[in-house]
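Next come two complexes, and both contain subunit A; in the first it sits with subunit B, in the second with subunit C.
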Partner chain A sequence: MCIKTLDNVCPLCDSIDALAAKSMGDQRRAACERLHELGWPSKNDDAFKYCNLKEAADTAWHLGPNATADRGELAAFDIKGTDVRLIFVNGRFDAAASSDLPEGVRLLSPMLNETHLDRVADFSDDPFAQLSTALVEDGVLIEVPDGQSLSKPLHIVHLSSPDADPIASTLRVVIRLGRNATACVLESWGGTGPALVTPMTEVELKEGAKCNHARLVEHDDQTWHMGGIASRQAAGSTFESVVLTVGGRTVRTIAHASLDGEGAHAALRGFGIGDGDRHINSRILVAHMAPGCTSREIFKHLLPDQSSAAFAARIFVNHGAHGTDAVQTSRNLLLSPDAKSWSRPELEIYADDVKCTHGATTGEIDPGALFYLRARGVPESTARALLAWAFAAEVINEVPLQSLRSHLARRILAQLPGAEMLDEGIVSL
Partner chain B sequence: MSLLEIKNLHASVEGIEILKGLSLTIDPGQVHSIMGPNGSGKSTLSRVIAGEETYKITEGSVLLNGKNLLDMNPEDRAREGIFLAFQYPVEIPGVSTKYFLRTAVNSIRAHRDLDELDAYGFLKLVKEKAAWVQLDPALLDRPVNEGFSGGEKKRAEIFQMAMLEPTMCILDESDSGLDIDALRIVANGVNQQRSPERGFLVITHYQRLLEYIVPDVVHVLLDGRIVRSGGKELALELEEKGYSWIEQEVAAGA
Partner chain C sequence: MPHDPNTTLDQWAEQSDYKWGFVTDIDTDTLPPGLNEEVIRIISARKGEPEWMLEWRLGAFAKWKDMVEPEWAHWPDHDWRPIDYQAISYYSAPKRDEDRPKSLDEVDPILLETYEKLGIPLEERAALAGVAVDAVFDSVSVATTFRDKLAEAGVIFCPFSEAVQKHPELVKKYLGKVVSRTDNFFAALNAAVFTDGSFVYIPKGVRCPMELSTYFRINQMNTGQFERTLIVADEGAYVSYLEGCTAPQRDENQLHAAVVELVAMEDAEIKYSTIQNWYPGDENGVGGIYNFVTKRGLCSGDRSHISWTQVETGSAMTWKYPSCILKGDDSIGEFYSVALTNNYQQADTGTKMIHVGKRTHSNIVSKGISAGKGHNTYRGLVKILPGSTDSRNYTQCDSMLMGDECGAHTFPVIEVENCTAQVEHEASTTKIGEDQIFYCNQRGISSEDAVSMIVNGFCREVFAELPMEFAVEAKALLAVSLEDSVG
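Up next, the complex of A and B:
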């Protein structure tokens, strides 16, 4: 991020200048300028209140070196049933490790100037979204024409791989679906070593299009993951997106979903498991701009150790967006006395005849259910893990692809205290 | 040796004494029934035996095959052979009955030094035992007790009992909310499991269940104590006359 180090230099600013000379010159320079205006967020900044970014603020971030993916490391991100995998390391494409680009899928690097990034949502108040624009070198453009489908789920894997210096990297995923077109896109974010990553996904759906999107956050505990998801939907389209956090140190997602056409449907989901002092932060805006749209938000977190989760979400219902049906839910299960959670739902409604509900709960394992399992011979620690899984399952069961659910189960069970006796067979529903 | 031996058991919850010196001995192969009015302590007794930690034991002992149960946590009691069929079975979303039961069966088998059941052996057992209570095996792929009807929940409890092969089975109002057909199915499932080694404690409000699960001994629980014990005819007498005559006799005797 653009901060002055002790020597009063910002290594990233120089990199942004160099990138601006090659592509998106005005856009990068404007983003960099905005970054300077916004500055590094502090705890007094309401939008970052619960993110502990101090250590990240004191770090001199560099652009990552050119690197290729380690095949062994990549294997950990395999998800069966996704034959098409595009691999990126430090924001750059690793062609040797990747599949051939399927029809309708292109790399962004040769066409950054013409792609018109950032046209879906206004993230101008978010410094990390600005950083993402300033630093973007590559990404994926998925364009599916009217009535067609992306034949197979597309799996995009991004690894951050620092050498000597802590690195900042980003990747842009742009999904543009024509009328009644469909696509399923999975993103995996991983990597080891100190990194600041700013994923940004922009989704535009024409009438009746359907997009299924999942983002898996699987970094090690030295990564600050500050991501964004922007979507804009025409009438009758469906966007389902889920952010699954099973890694990272601080994992923040801002999402803006704009339901522009009548009868559009958006489902935004989140699941996260804490580990150590991991913080999971979601900041969501769902805007009902047209009549008869439905939205569903459900965010669930399992919080062991000193981990924490914060959820701030607003449902905006525009003038004339009658028949809006919006549900927003945030649930947290505290698995340790040191875990914390915050929920802040907001409704802003300018239309009549709308149905908006929100619910937020924070609780512990139900003692009645725990006794029931123990009375059947299940050890207490296993019973607790089983009930924690049961809590998570409501979101996990909605994740696309059985293989992705199994993959997640392995990741979650590996981090869930007491889950040694459990296996991925738990995903049997 | 007796299978279950309860002596002078006192238990309280939030400072209120519920069981006030209860004694009861069940021999292997026997079926005992406990009847009593609401609030007499029937469910408390079942939960205290199974080890629910909200109850405080202030006095007395509970032995299973001579081992002190009160020193054990609920899972160890289950592994030693206690099974409680819950009056209100808990719903667990997101975990299929099969997966949950496989976890339970294998924890209990490990305790008994038996190998884990493989998938084939487990499913074979599931099929066989589900048939005992006419439970549709497809139901077992659904989350534990979620979306089960009242009758299905009670049958599922008896099915779980059959899967875990306990030595001392406690049924807490397994007949409540059942129509006559479902009652017969539940009773039949229990009777299939009767054996010379296994004991049963059947807690019920109604004599009707005992027409199908015929007890060796019937006890009347009143205000935390067993005040009368007799044969199966005692249940008929209670059905006819209610509890007040016993309450009066106890009051007169005191």
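Up next, the complex of A and C:
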């Protein structure tokens, strides 16, 4: 099947053939072909300019073995208030560890042929989105009929669990909400050992629907997380999504939000904390296709050690999309001399009656604020941690569920240098 | 006079005819179209250049042949007409060197008339304006004023070809140091075929006694203009250089690929101002200049300062990114820009600020105005290298849209590799305020004047950076673009 050999991906091709024999035959083959056409991204590829994928390129990836979740390991992903929890290991459902499926929520595996994946956004130029389609074995389909809502937040947990070989796995989450329907969906991504995960979430909202989505990335430092989020919104609908990165080696998210109906609102947020040489990469497109839509993007990164963050986002305003109100913000706090940040906040505007602003800042901790705290007896390291937390809080405070905010606070404080004297109670500050 | 603000907006797009589109009819010495080594040898021979200069050109040409024409630019709605490099004539001189006039009296009266129309302050007007003019007519300089006064101060201000003859050591030392001959496709082309331009050298500690100015004109059908400007300000020197241009109306696209290099040594300051008003094409997007320019300044010494100011109202297409390499500690780079596009014009402009030295500062203010089917793009890079501690950048890009068929785009790149850096970027896009026009109308100000006032107010921060004569011209230029747009 390979047109062009990709040494690191080709070990997967037999598995893709086997999967294609079972479901989504043409779609998988097309995705695999496209992946080989595109090739493994290099630094010369503008979309991956800042992403160091060399090590992942030198790794031969295999399909993960069947495995079950370790109960002890799972406890770390507990988020109070999310009673419904669906567990996936290496892209496959772990029924024993999961709750019963609530109404409106189904597993994708038996219906991959009917579900029609990849109909929300065109990610045909992204090799990892292609890999995700070629490898998808299971996932969650959330369909809420008109006027109804998913009773409780749904928590989806995916763990990667390699054995001898480094593994590639993926999971698809499809959210389709009817008119005025609502849903809140959380995804946790974790696991240990060398892994390449390619999560893809597709969201389709009818008129007036509301969807709240959060993706929490908590892998260890051997995981390449190359994810995507695609959304398409009808008039008056609201989509709020946040990607929270507290783990992983390289964490990349491509998001494409299309505001197709008048008065739709999208809020895309991101927060990431670096650790070691972690790289956090966000590539966002918000397309205002209809008049009167609003969008908010805010991405913040705390960068200690040799960590780095790259943010490339574009607001696209179509001809005739009058009354557009779009704001795009990228802020990076460099906490170490070796940290790096790159920002590309872009605007592409074809309508005149619009309000579009973007702002990007990069800097270190404000010495004035630091002095203020130290003058009041706060030790320097604690003061730095406190200010770094305050920087993060703008995004964290928008995260749905108090329990998730506390969970995040624990994770962030554990990684933040000098935060020993702070605890999760800081969330309520 | 109707005072309906909507009329203003609708009609704003209908720019009046290009007012300065006249053609001077004089004998010229023009090479037939085509580009090969022989053409470069002829150009070099005509200029009486030394061997090293020819070698330099040929080296650039050899590299250029292997280079690929860039195609990354963002050209919505534009019918890109490929440039046929073999259809361009690469050399055109009003007269051969040996026939060049010795004084103004010998200058062709038609030529002087052209300058008159352009408003070049030669003769007494020049003295009053305090401006020395090195007028470039097509490719060869024909008249230079105030040479003596500048010479007194030790300032060298002469055509590039003359500098190659008279100051080869300086040219050799600095040529291609900031924009190498193989820097990019158009810079390499320029290096191979450039015919003339200006050379400025300000010696140590000298404050140039007057503002220097050059007018460039394209006046030959199918003659690409390949100017090369090199300005060197030695330790503690100061110079303000003005460059302005208008071009006759032509139906075919002409290429303008200039290169400007600035070098500022310790404590030196260079202020470079441009008004660009090449022929933009007609209201159907036919004709117009392709203006693909490489401009770059090197703040080589500590505490050096380079400031770029530009007002871009012409050209069918502009790709222009006046940049600063802030190598010296405490050096400063500035970029102020107003770009106005109308009809089918497309301007892709911005700057690169490369922070290398410690405590370097850069400031970017870019104002884009789009009307008709015009598209305005800010494309910029701010890069803070790891060794550049305590550096600072502030960037502000504002776009104003007039009409719903135009576009305004912002593509900044910010790369920070030092944690002590403070980098800020802000951008906004807005429509010209109908309420503001209405407010003016109510007070008896015509819609046309109101639009002009609002646009001038929008651009004020940039105009403030221009030398006074230029600020007046810039305002006049915008006013001309706005003239007759209200019925």
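Couple of notes before you dig in:
To be clear about the criterion, the second predicted complex is superposed on the first by the 419 of 429 C-alpha atoms of A that agree within 3 Å, B and C clash if a C-alpha of one lies under 4 Å from a C-alpha of the other, contacts with A are read in each partner's own complex, and residues count from 1 in each chain.
Everything below uses one rule, namely that a residue touches a chain if its C-beta (ideal position, glycine included) is under 8 Å from a C-beta of that chain, and two chains touch if they have at least 3 such contacts.
Predicted model, so just to flag it, every value in this text is computed and none were measured.
Look at A:G39: by the touch rule set out above, it reaches neither subunit B nor subunit C. Of the two partner chains, neither subunit B nor subunit C is touched by A:G276.
Once the two complexes are laid over each other on the shared chain, residue contacts for A:G368 go to subunit B alone; subunit C is not touched.
Using the contact criterion defined above for the overlaid structures, shared-chain residue A:G81 touches neither subunit B nor subunit C, since it reaches no partner. Once the two complexes are overlaid on the shared chain, A:P110 sits clear of subunit B and of subunit C alike. Contacts of A:I349 after superposition on the shared chain: subunit C is touched, whereas subunit B is not. By the touch criterion defined above, A:P145 reaches neither subunit B nor subunit C.
On subunit A, the surface touched by subunit B in one complex and the surface touched by subunit C in the other have no residue in common.
Considering their complex, residues 50-54, 73-75, 77-79, 82-84, 86, 89-90, 92-96, 98-104, 106-108, 111, 141-143, 160, 164 of subunit B touch subunit A. Per the touch definition, subunit A reaches subunit B in the complex via residues 366-369, 371-380, 382-383, 386-387, 389-394, 396-397, 421-422, 425-426, 428-429. Only residues 319-320, 322, 332, 334-337, 339-364 of subunit A touch subunit C when the two sit together in their complex.
Across the interface of their complex, subunit A is touched by residues 74, 76, 386, 399, 401-431 of subunit C.
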